[in-house]
Amino acid sequence: MAQELTHVDASGAARMVDVTAKDVTTRRAVAAGSVRTAAEVVALLRDGALPKGDALAVARIAGIMGAKRTPDLIPLCHPIALHGVTVELTLRDDAIDIEVVTRTADRTGVEMEALTAVAAAGLALIDMIKAVDPAASLEAVRVLRKEGGKTGLWERS
Amino acid sequence: MAQELTHVDASGAARMVDVTAKDVTTRRAVAAGSVRTAAEVVALLRDGALPKGDALAVARIAGIMGAKRTPDLIPLCHPIALHGVTVELTLRDDAIDIEVVTRTADRTGVEMEALTAVAAAGLALIDMIKAVDPAASLEAVRVLRKEGGKTGLWERS
Amino acid sequence: MAQELTHVDASGAARMVDVTAKDVTTRRAVAAGSVRTAAEVVALLRDGALPKGDALAVARIAGIMGAKRTPDLIPLCHPIALHGVTVELTLRDDAIDIEVVTRTADRTGVEMEALTAVAAAGLALIDMIKAVDPAASLEAVRVLRKEGGKTGLWERS
Amino acid sequence: MAQELTHVDASGAARMVDVTAKDVTTRRAVAAGSVRTAAEVVALLRDGALPKGDALAVARIAGIMGAKRTPDLIPLCHPIALHGVTVELTLRDDAIDIEVVTRTADRTGVEMEALTAVAAAGLALIDMIKAVDPAASLEAVRVLRKEGGKTGLWERS
Amino acid sequence: MAQELTHVDASGAARMVDVTAKDVTTRRAVAAGSVRTAAEVVALLRDGALPKGDALAVARIAGIMGAKRTPDLIPLCHPIALHGVTVELTLRDDAIDIEVVTRTADRTGVEMEALTAVAAAGLALIDMIKAVDPAASLEAVRVLRKEGGKTGLWERS
Amino acid sequence: MAQELTHVDASGAARMVDVTAKDVTTRRAVAAGSVRTAAEVVALLRDGALPKGDALAVARIAGIMGAKRTPDLIPLCHPIALHGVTVELTLRDDAIDIEVVTRTADRTGVEMEALTAVAAAGLALIDMIKAVDPAASLEAVRVLRKEGGKTGLWERS
């Protein structure tokens, strides 16, 4: 494990780390999370999604647009050329699982973009169901896999 | 429990619900979450925070600024006059706990603002520590308490 | 008809007109527009909208989010407390009609918000279909009706 | 004509299409539109534009800044390195014509940026004249020409 | 003089101060600043401003739009209902003076909005002239006067 | 010295200059400024910065995030791939000095990003101290040095 936080300098001051010298390489990240709620609420979302229902679309689009807002939200994140985003939602018994894939060909990884998309999609779902379940929560927002760049492949064990 | 999703109409189309007729009342929400990481990483944050260290300040500020961006991130959220935000971080053995309080005097509640602040603070922490712990995760983003408005007090049981 | 442009002063300089003294009243605006394309494209959208299809949801959500971005896009527009937005899409033979209703209780009208929502929804549709019809166009973006405020009801004749 | 919408997958879910593998090439788009109003209003704009008048400048700047906001407004649009934007306004008898040229050297085209600039410039004009002509409308927002990329030149016939 | 910084709590943590209990009153702020450059550059701006020239309009509009972005830029600033903004530019021998007036009827003052408008207008001017004078500087960005709210009138002595 | 403003065309219309043909080169800019206030206020900031105090962190983070918002604030600025930002604050007797370094490998320079970061950091400081010193001012926002690109090194004399 690294010994130091890269985002603060020796005196403790926050900085945006210089990546000018890093190579432009193809990078890909997969992140996931889950909105936990009541089974009845998942049923409402299932209904709300048919046939023209926008309930899940709102979350998918919040995820994609959230990925693009990452440098606005995360103070020390680099603005990045985001080249592709997919948001997959899976309805479970009492949860909605979220999985996001982000891609770029740039100097830094896209895992923060993937995590931000998961969070935005999850919060949009909670917003949609909060009137029926104020206790809904967003759980386990985490990176599953990242590829590309100098560090290469990392997979969650 | 309510029988319907308020954010989609009878045909399933997404909408921003009309709140013109709702009263302007004082409202307050408390939300929480937690970044789970390794004990060594919490130690680095502790060090990074002293004496001029910005490590935790970045997360607090990301939370406050994230609360202000809520209507940009959550598609069907109303823009709101946010009147106060606090972000409290507590270092645990292998986690950083986040608690946010938001306040307003407006027509809708501020729990989405509180949840968004928790998520933004948590993601900013993950960004800061991801080079040392790529497995860090954001857990249990949830409302603890909301006050004000027609529905009055709700507390997590 | 008024004799002068309110948004520039006597010397021609742009300004955001002072509305501090105006009353807070309930206001509502209806705006419309239309994306003209080929009949085959409308058929694709119809298919893409069933059963979990997000094609039209993307436009509805772009409209709602676009309404919230109005003061960022229109230089001299006031930031406003937007209280409700609906976006209705109707598939015609060779066009998609867009109708938006915006509501507020504030010091200025919400017709610019309604027009911006129509434009954003229309551009989102064009983005979705541009690979199949690069000749699609956005037509007749206009206010149909506005209510509230000192000038009261205005209807397109 | 293509048989499918590229922005939704086989199940109908919205996505930001992956362009990582596309070449970085020089691209250029030309789009146009028109604000239709009364002849007296065009006269006011003409006056408002002289000698230090900002009336038309507001629209030109709204167009340029709007082009930069395209990925914020159009949900599935890629963020792009916009390299040049011009906005040309021509006063007609009862209309203001808008023509925008956008340029980049990137992986996707810039026609959505050009269209968004036309819409933003047009809406800014409508905002400026709405007190004198609430019936003004934005017409015929469309791509005239696009160059570069794999598909090469396309011209409106 | 106050003994403490209001924007950090007793432990030093940044916060957005709660203003829920403050009265909604009419407030007004005047701020100023100056771009110092060479006399030849001021002459170019004078020319560029005639007859359809947008040189100064760009700065005025940057100021007005910048005022609206204040809560996005200043971390602990409250989002506010900005009710009016004017930006006045005066060409001096070797400087451009900027004076901004902002108005609101809200719970907090608008002096940060006025200062941000001055800074944005000044930076836009520097951007416009930087190719001809890379040494141009922005000087003396300061509040001249504020009115309204509990503290009442304050004037720069 | 150049004879013309590059940001307006021959007719005086504002434009975003086309940089498509410019080389992607490593670029770096240094800008500085200073917040002038009372000695007692600098003392409060010094205290507020110890041991967990966020007072200066707020300004550093405002500077870094402000650099990323440059194309949103400065109308004719190109969106740019910002690769690194540092903000250094130095407490003087009656002033806080701000120095920012920005870096990129792109087609245009990063001096506007550096200047915007200085202004945002300075305004965030003024916001923090305005309750104790309403007379604080931001002074001498200027480029110290720029490197890279066709024009090469420029240093303030």
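Letters A, B, C, D, E and F mark the chains in the order given here, with residues in each chain numbered from 1 onward.
We adopt the following convention: contacts are C-beta pairs under 8 Å (C-beta built on N, C-alpha and C of every residue); 3 or more make two chains touch, one makes a residue touch a chain.
Bear in mind that the values here come from a model prediction, so they are computed numbers and not experimental data.
Undergrad: Going by the touch criterion stated earlier, list every chain that contacts chain E and also contacts chain F.
TA: B, D
Undergrad: Between chain A and chain E, what distance separates the C-alpha centroids? Give it in angstrom.
TA: Computed value for the inter-centroid distance: 36 Å.
Undergrad: On a C-alpha centroid basis, what's the spacing between chain C and chain D, in Å?
TA: 16
Undergrad: Mind checking the centre-to-centre distance between chain D and chain F? Centres are C-alpha means, answer in whole Å.
TA: 30
Undergrad: Which residues belonging to chain F are in contact with no fewer than two other chains?
TA: Correct list: 13-14, 49-52, 54, 57-58, 60-61, 65, 69, 72, 75-76, 79, 81.
Undergrad: Return all touching chain pairs.
TA: A-B, A-C, A-D, A-F, B-C, B-E, B-F, C-D, C-E, D-E, D-F, E-F
Undergrad: Once bound in the complex, which stretches of chain E touch chain C?
TA: It comes out as residues 26, 57, 60-61, 64-65, 67-69, 79, 81-88, 103-105.
Undergrad: Touching chain A in the complex: which residues of chain D?
TA: It is residues 9, 13-20, 71-72, 75-76, 78-81, 106-107 of chain D that touch chain A.
Undergrad: Would you tell me which residues of chain A are touching chain C in their complex?
TA: Spelled out, the residues of chain A in touch with chain C are 49-52, 54, 56-58, 60-61, 65.
Undergrad: So in the complex, the part of chain D that touches chain C is made up of which residues?
TA: By the definition above, chain D touches chain C via 1-2, 4-8, 11-14, 33, 38, 40-41, 44-45, 48-55, 57-58, 61-62, 65-66, 69, 72-77, 111-112, 115-116, 119-120, 122-124, 126-143, 146, 154, 156-157.
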